Structures are given as C-alpha cells and as structure tokens.
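Each of the next two complexes has chain A plus one other chain: chain B in the first, chain C in the second.
Coming up: the complex of A and B.
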C-alpha cells in the first residue's frame, strides 16, 4: 500500500517532480492515487486520494449516473478517477455496519453547488455494486418533472399521467446495470398490460423490463411494477437493495408540466414520481436509501438554497423525516492539493504559471476550493 | 488723375469696432469703483449685522453667497463682490505726455518694459561679474550658495506677460530665462538674490505625502488595518487581518457566493497576488452601491490601501506604479441634448 505520504512530503514530492522535465510515471501516481479500486477497502488512510475505476465497470455500473463533465473527463483522460472524500467514507461505514433487518435508513447528501454530491453518490453506488447489492439508480429526478414532451393518461389510474419517454430511457439503463439480478428475481403477481399482454407469476423481472421497453405506452407502469417487486422482495432478504436518487427534492417540489387544459401538474399526478415516493418511505427493510439534494435542476428555488429544509419543502421534509444528513463541503486544503496534483500529472494544466506555487494559490483563491469551479477554471488552462 | 471712389459696400465703410481693443478704463473710473466698493462693503456689513471696520473679504464672500444663492456650477459665474483691482484687468496707462512725447526712452521699441527688464538684468549680471573679479583680485574665496535647490521655478511666459502688461513672444521669453540662468550661475551677492526672487516661484510640495496608517491590533492580538475604496458609485470599506488563511467575506457572505463571476474574483485577487500574500490575510469588507464590476473595483482599491500598512515603502511604490492605489476617475458620462446618449447621435437622415 503506497499511501503513507503526509501532506508535506506530498508537496515536496510534487515540487521535485515539477522541477524535473520528464517525471517518472510511478512517483506522482503514488502520492495522489491509490491502487485500491475496491471502495470497500477505502479507509481514512485513503482520504484525499484518487482511485480509478476500470472502464468496463464504468459502463456497466454507471450507464446513466455520472455528471456530464465527469463523463467528458473520462473520455479525455481515458480513465475514471474518483477522489475519496470524507462524506463518502462516512456513508460507506454506515452502510457497511447497517443492520439489514431494520427498516431502510435514509441518507440525504446535501451541500452547496458544485461540491461533489453526485460524485459521492456514485462512489457509494460503486461500492454497493461491488458488494453485490441491487442498485436502483435514478440519475436525476428533475428530468422526470420538467421538459416532458409526451404526457399520457395512465391506463392504470385515471388521475395520473404517464411519461413514456423518460420511463423507457430509465428502464434501458436499469437493464444494463443490473442484468444478472433481473434474471434471478421472479415476479410474485400476475400483471396485465392491456388486452393481450400479461406477465405471469414467477417470471423473471427481466421480462417486465422487456415489456416496458417494447410497449412504450406501458413503460411507466412497468417501472412501477419493478419498484414494487423489488421493495417486497428485498424485505424478504434475498438480496440487498440500494435506492439511489439524485435530486430527490424534485419529488416534492413543483413541476413545469401542464395538462392539456393548461392547469399545472403536481408531482403526485405523475406515475413515476408517485411510485418513487413509495420507495422513499422507510416501510421496507433489507437495504438503504441514499439521496442527493440538488439545487441546479430544481424548479422555483433560489440559487442560494442548499439546506434540506429549504430544498425539500415542508412536504418533502416530513416525508423523509428521520434521515441522516450528510454535508459535503468544499475541498479541504489537502483534497485541493490532491486534485491539483492529479490535473498536473495528467497534464491537464498546460499553462506554465499553473505549475508554480503562486499559480496553485491563485487557483485555490479563485475557485474558493469549490470542485466545480476548479474544474471549470482548469479547463481553459 | 484723381482716384475716384468706386462703388463699395457699406460693410467696408463701417467702423471696425472690435479692432480697437478692450475698453480702456480711466484712472478716475477705477478710483470711483474703489470708493463704491468700500461703501458697499460697509453697507453689507451693516446688513449682516457685523462690524464694518473688521469686515474681511472672506466675510464678503460668505454674505454674498448667503444673500444671492446660486446653483450654477462654475464658481466664476456666480455673483461676486471683489475689490475693483481684482475685477478690472490691469491696463497700461497712457504712455505719453500731452504733447505726444513718450515717458519711457524705449517706447518706440514696441516692447518697452521687456527691453527695460532685459537691460536691468544685464546690469545686474555685469555687477555680479565685477564683484567676482574683485574677489578673484583679492584672492578671497567666493562661496557658491545654492539657495534655490529644487523648490523653485521661473515665472511662466503668461505670468511674465501679466507682470509686464505687454505681449511677449516665445523667443523673448526664452532669452530672458537664459539671462536669468546665467545670472544664477555666478556667485551672487544678496542684492542679486533679491532681484532674482522677483522672478522665481516656489514649487509647491510635489505630492501630498500620503500618510500610511500604522497597524492596529484587535482584542486577540491580531494585526489589522482598514482601507476605503470607491469606483463609479460603489463605496467599499475593507478590513484586512494578518495571520489569516485567505478567507474573504463581503457583506457577510463568502466571495464565491457574492461574486459568481470569475472576473470579479480576479479583481479581488490582484492586490494579494501582486504582493505574494495570497493565503496570508483574511479580509472582511462591506460594500454598497454601484454594480457588480464597480463593487469589485472598489473592494480592490480598499484592499490595496489597507495592505499598505503591512508592506514596505518600496512595495507601496510598486503598487502605486501598478495602478492599484489610483482611484479610477471614470464615471458615467452625461447625456447631452440633441443626442441620444452621451456620444451616440440620432440616426442621420439624408433628407
């Protein structure tokens, strides 16, 4: 295990590296990287270091979860490196030591804009998928409450509205991420999808998903069925379920959608949202619910709001009430150095002045140690 | 053959009034004006309820400003009451006797006072040279006292014209100054110094020595200093603490939240980066007015001024040359009538 470096030696290493023209590829890697690619083994020792996820795993585990800029970064650097940070480590310890017989504990990751909440969530998802949990990942709940082209009246319940496009997109991604589970889990009830199609009891869940993908009209109902089944079965304990929702405040906010008579749609009237809310309740056991609050996609909320109370609203807060809040702060000085070192090492910072101490101080000041700002700043350099 | 007057326009025959020059004031007129001024001064003192004997020019100005309030911007356009010698420009009195004979022997040169001045100066120069020869003959050491070190300058051409009451050309002026310089170069005795003083002026102190405040210490013992800055309509007051970690707060919020735009944060960074003190100081500041950019500029100036106390004089000079300590004089230009904006004219239509 290479990770013994203290911050001072890290800096010394870095300065010696920058003075040489052609740095040896091994040395700097050792400082800001760990070879531990299994999140299960990440401890405080590894805090501030990057670990890389093999690209095939990325495609399998995160078909739709990663932030757009991070995906671009993966393409540029040809590797996916995630920083191990304290909130993630906290979450991992909780998850590891959670008693699955108890009702599912809900964790809410919150923080200012651009501090790395989604990345923390992805870290946790990676851990869970490595551990063999079934990951139910909704990349951004805000996508379900705004900019929806087609709204169909639900066949199941007259009041509700369906969103076939979003539902089918999600089902597709869900299929890629959890294929082997879908073969094993069996349905427990018979579901009818209209006049001719129906799924018998005991069929693998994969069929439900196929049905949803094939018949786009009933995709939202398929999603509802999947969620219900998973909830019931994880209760039994045959597998562990992780519900990961990004932007959970969308479920209790307002929507920008309107019905044909121009009356606004409230979230309960959307099937997807309704079903997801049922998942959020802690009346099932055998897993955990990890959610993220997001201001960037949220509707009708001021940009300075980041606390759970503000973003969830009264309704959401009551619904999620006993939850474990996890704050994600900006980079600590050590994390900042690690990120800076990573960019340097990948030759992302091309400007000569960026390599100096002054340049580093400047970057730290201008970005305010905010990960997103740093990423955007380092882009043109 | 007589030249007959051919038909000409009336314009030629009309007297050219403007060419005769400004009106000449007679001495009697000036005297009358002075008497009227003194009387008026006493009346004014009585009106204001003050003692006529001890009524100074400042009191007159104050009373006039009180009795005739005016909103005009130009001070010279407002009502004023001053001594006639200040109001009526000095003019040359008639230079010749009743029989047409001029008083001064150099009258017919055209520039009588200038040439007489040159003659005088040259006389003094010759005196000084004679004195110097005497000293050399007596083998006495002559001192060269540099009385005017760098704090004086010669009269400008305009000032000299005012003194002599006649127009000079640039050539004349330069010749006079050359003479004076030559006179200065010789070891002068007191007489010449007095003469030279008439033509030299004190140069006021270059720059008002800006007093750099010393560091103050607050309860915890941390050194801090304050500075104010303005830009357009924004006013900022910054307090810079020592032994800090680079945290900046504006009106209670972090700079990352108050200035989402990178450009503003760069402006804030500039003073610290210039002095290589990025992570060493904490800053708390309040700002009001103006827009986003103006507030950033105002805070930058305030920080730079506050940092002067922490830094050596040489670095203060560097900062001044970098433009960190200069108030930006640019303000919004006034919109003029007949134009759409300050500079933009209305669309020009050919017809």
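Coming up: the complex of A and C.
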C-alpha cells in the first residue's frame, strides 16, 4: 500500500529526493509534500505541494489569524501543512522584487467564498516573518465593527469611540509575534496617557504596548500610537513593514454598533478603524500592504458578492485605489489531487469507498473543487 | 425489495426507481433473464418519484440514515443530518489525534474509521433477549422473549439517543456527547452497555416465566 508505518525522518528525506527529480511511481504519497519549509525558495515547481511549518514557528508567527478549522487540523494531525498555490507565488515574487524606497504597494486578495484567501495571506505572512519583516497582522477587521460589548468615549477626541477589549486582545497577540522589534524601535514623541502616566521620547515601543495592556482604557490609543510610529519610521530602512489585514471591507462598510442614544455608529467614529484607515493610505514607504476581502463576516452585503467593487463600496474602492488585485480561484485538478492525496496520507479520509476512483469523482463533483466544501465533505467521511 | 402497497396512491403499473450504477453499466449480454425483462419494462412503464432518503452516493449507509431519522425532531432533517456529520467528524478527530500521537507499535490497534466504530458500538449495545408483558390470571408478568433483528437495532439506537439527550450537561452539544458515548460503547464500557446488562439480568431472573410465551 502506501507504507504508512515509515518514521517521519525517512519521509522527510524521501520527499526531498522526489521534489528534485521526477516523482517515482511506487511512492506517490511523497509527491504532495516538499521538504522546502522556507517560503522564499518556493517556485512554480512547488505549485500544488504542501510544505509544513514547525509547530514552534506556528505559535510564534500566528498567535491569531489562522482559520478555526485549520487550527483544528493542526491539532489533529500534529503538523501544520500549507499548500503552495499560484496566487501566493505571484504575491511572493512581487514582494521579493519590490522597491522599498517607493510608496507602499497595496495588494487586495479577492475570490469567492472558501477559496483560500486567508490561507494565501498566512503564506505571505510566513514568508515575510522568515525574511525578517515586521508583520502588523489584523486577523479579522470585522471583529472590530460588530459584537462589541464595551464602547467608551475616547479621551483623545470627543467624537470618537474606544474599544478596550478588542484593542487589548490585539496588542497581546502583536506582542508575542514581534518581541525583538518592539525592543529596538524607539518612540519619537512624548505621549501622555492621563494625569500621571506618560511615555518619554526615545523609549522602546514595547513600553507603549505594556501601557496599553496595563491600562485597558487607553488600549485603543496605544494601538493608534504604535501604528503612527511604525508608519513614520518605516521609510528609514531599519526594518520593513508588512501591514496584513483580513476582511478589509469592514473598514468602509457599516457597523452594527449603536451609541447609548441608539444612534448607529459609522466606522470613522471608532478609533481603531480610523487609525487603521490611515495605515491603508500609500503615503509611506518601506513596506507593503496585503489585504483580503471577505464576505463571510461582512455586514449588510449579499452572500453572492465577491468582487472588490461590490464588497468595498465606492468609498472603500476610492480609498484603496490604485491597488493590485489578486484573484484566488478554486482548486485546479492538480491541486485537488494533491489535497486528496494529503488527506489520504494523513488518515483523514477513512471511508473505504473514499479511496476508490468513484469516491474521488464524487468528492470532486460535490465540492466543485472548492477548498472549504472539500474540507467540510471530507470531515465525516 | 419490500414495498408497502396498502396506502400507496400510485397506479400499480408504476415501477420503483433503480439507483445502482453498476446495473446500468453492465453490457446487455451479462444480464440475467429477469434483469433483461426489467430493463425492457423500464422502457415502457412509468417510474415512481424517488424518495429523498434514496441516494446513489457511494458514501450512503442505511444504518446511518435510520439513526439520523430517529434523531430528527419536528421533521428538521437538515439539523439532524448536520448533527450526525459533526458526530462522525468528532469521533474521527479524536481517534486520528490519538493515532498520530501514539508510538509506532500501538498505531495498528487504534481504529480511526468512524463508520466501523459506529457499527461496532451499535452491535455491542444490542440486547440478545428482551422482556414482554404477558397477562395471565389477572396478573402481568415480565416474560423473557427472543427479539427480532429490527427490534434489537431499534432498541440500541433508542437507548443511545435518550441517554445522550438526558444525561448531559446543559452546555455540552449533542455531537460531542454522542461521540463520547459511541467511543465508550465501542470499548464495551459506558451507561448503555450497563443498561443492556441490566436487561439481560432481569431476563435471567425471570426465567421461571419463560413458558408463558406462546410464540
């Protein structure tokens, strides 16, 4: 059969052999894997193959941001395997050859529901963190415009509203992923957080983050300060900044939040959204902005909408214009084979009929080669 | 295949739908006489509408559909089916996680197929002998009686579902509890196996009345 009993080290060296020459027919399972775990070295040759990220790195690079089902998969299989796909490779070549002296280029990843936009974003984030960039990852902007229990009036600007819970949760995750950067970057202005607390000029940014975590009331202002400092200092070249936002259409849509007098809140009135919109402008250099559109968490948008014009609206499109659109399609036949082979090898497809040609054809037909549908169908089988 | 005809509103000339793909893919020469007659009839007679439970998928299982129907409340088949799929996935996830974390020599012993676990657990829960109420001389006695296959399967599924509906914490969801119970029943432990043993003991205790049965 496929030889499941081989230890992992043997599988590692087998797959490295097969990724260099033509894959041998008697060991088909290794075709779907590469031992190349550095995204910088991924080329079209690796298209359709899975590469695994060591679990320690997963915890460090992705404290938040991975889809829930993928996190469950990591726990079940005891490994994190991401498929290398063409939109991600395209983005990696653009990022690798980008000129950092020019203003930041904005990339918008769009596609139908469940085609793998968030996973492409995570691939890009892994590449940037391996290259040593500072990654500013907002896992889902929709969480900031809906289901907020506490809305405080901002002390900095009377018209705006603060969200302490979301801001402090984000600051905690930001701290785990970028610890060494927070020690090196220094503030350039004095910030006062209230009557007695203030941060002097020249202190490391880590102190601002600590301040935001300790005093939850000023957490949203701390986030704003962090964003401002990073934007001002990125053009110097000491670090490269990647702004990765998932569900960027939340910043220009409507919210479901209401003020105390039951009047609706528009997104500009939220401090977090206001500061993030300033980051999205291309008036800074020394990095890139990679965003994803998402209909799944969006508010007041029909479920068939997936194009940038439909999801961003006129305001959002004008704010993000000009951007580089990247379409993420459903699985090609080769990618479908690869995913199917990976599930078989990891003992995820257990039904006896799932191993037959009929079962495979049925899975392909029922899922329509959509990654999310395939995952949901393969669950009970 | 048995078809209930007493209350059927169809004209008797209507034929049943045939879902088996292999039958249609066989060339004409391999078919037996009856099958050839059936094919000729199909060209002439009208065919009944296929019921929603009839599926041509290779993954459909009659026991699983029966269990889903028993779990259904108020005709909400969508919810019952999604609960069933989530249960199977939960069982598979637990077993596959155990498989990948186990050392090499124990890997073969862990069963990961949720369908195998489901069938084996139901088989373990089925009672061999049941009790029935027989009235003789003004008094009702609990008489031990052999059970038919259908009755055994029904009792096993009924016990499983009532156990999961009643004896769980308010916050645990049905798939989670069901997967737990199925895994326990697969290993011959758990409250449903205990219930089966209690029934067997009662039947053993009432052996004296076994001659009251007349069928």
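One rule holds in what follows: the second predicted complex is superposed on the first by the 352 of 381 C-alpha atoms of A that agree within 3 Å, B and C clash if a C-alpha of one lies under 4 Å from a C-alpha of the other, contacts with A are read in each partner's own complex, and residues count from 1 in each chain.
As a convention for this text, contacts are C-beta pairs under 8 Å (C-beta built on N, C-alpha and C of every residue); 3 or more make two chains touch, one makes a residue touch a chain.
Bear in mind that the values here come from a model prediction, so they are computed numbers and not experimental data.
Engineer: Touching A:370 in the superposition: chain B (first), chain C (second), both, neither?
Structural biologist: In the superposed model, A:370 contacts chain B only, not chain C.
Engineer: Given the touch rule stated above, what does A:300 touch, chain B (first), chain C (second), both, or neither?
Structural biologist: A:300: touches no partner chain.
Engineer: Between chain B and chain C, whom does A:348 touch in the aligned arrangement: first, second, both, or neither?
Structural biologist: The answer is second: A:348 touches chain C but not chain B.
Engineer: Identify which of chain B and chain C touches the larger number of residues of chain A.
Structural biologist: In the superposed model, C touches more residues of chain A.
Engineer: Could you look at A:68 and tell me whether it touches chain B, chain C, both or neither (first, second, both, neither)?
Structural biologist: A:68 contacts neither chain B nor chain C.
Engineer: Can A:379 be said to touch chain B (first), chain C (second), both, or neither?
Structural biologist: Only chain C; A:379 stays clear of chain B.
Engineer: Once the structures are superposed on A, label A:358 by its partner contacts, choosing first (chain B), second (chain C), both or neither.
Structural biologist: A:358 sits against chain B and chain C alike.
Engineer: Both chain B and chain C contact which residues of chain A?
Structural biologist: 358, 362
Engineer: Sort out for me which residues of chain A touch chain C in the complex.
Structural biologist: Within the complex, chain A touches chain C at residues 4-5, 7, 72, 75-78, 346-348, 350-354, 356, 358-359, 362, 379-381.
Engineer: State the interface residues of chain B toward chain A in the complex, per the touch definition above.
Structural biologist: Interface residues on the chain B side: 246, 254-257, 262, 265-266, 269, 272-273, 276, 278-279.
Engineer: Report the residues of chain A in contact with chain B in the complex, numbered from low to high.
Structural biologist: 304, 358, 361-362, 364-366, 368, 370, 373, 377
Engineer: Taking the touch rule as given, give the residues of chain C at its contact with chain A in the complex, in rising order.
Structural biologist: Result: residues 57-59, 84-86, 88-89, 92-93, 96-97, 99-101, 104, 107, 112-115 of chain C touch chain A.
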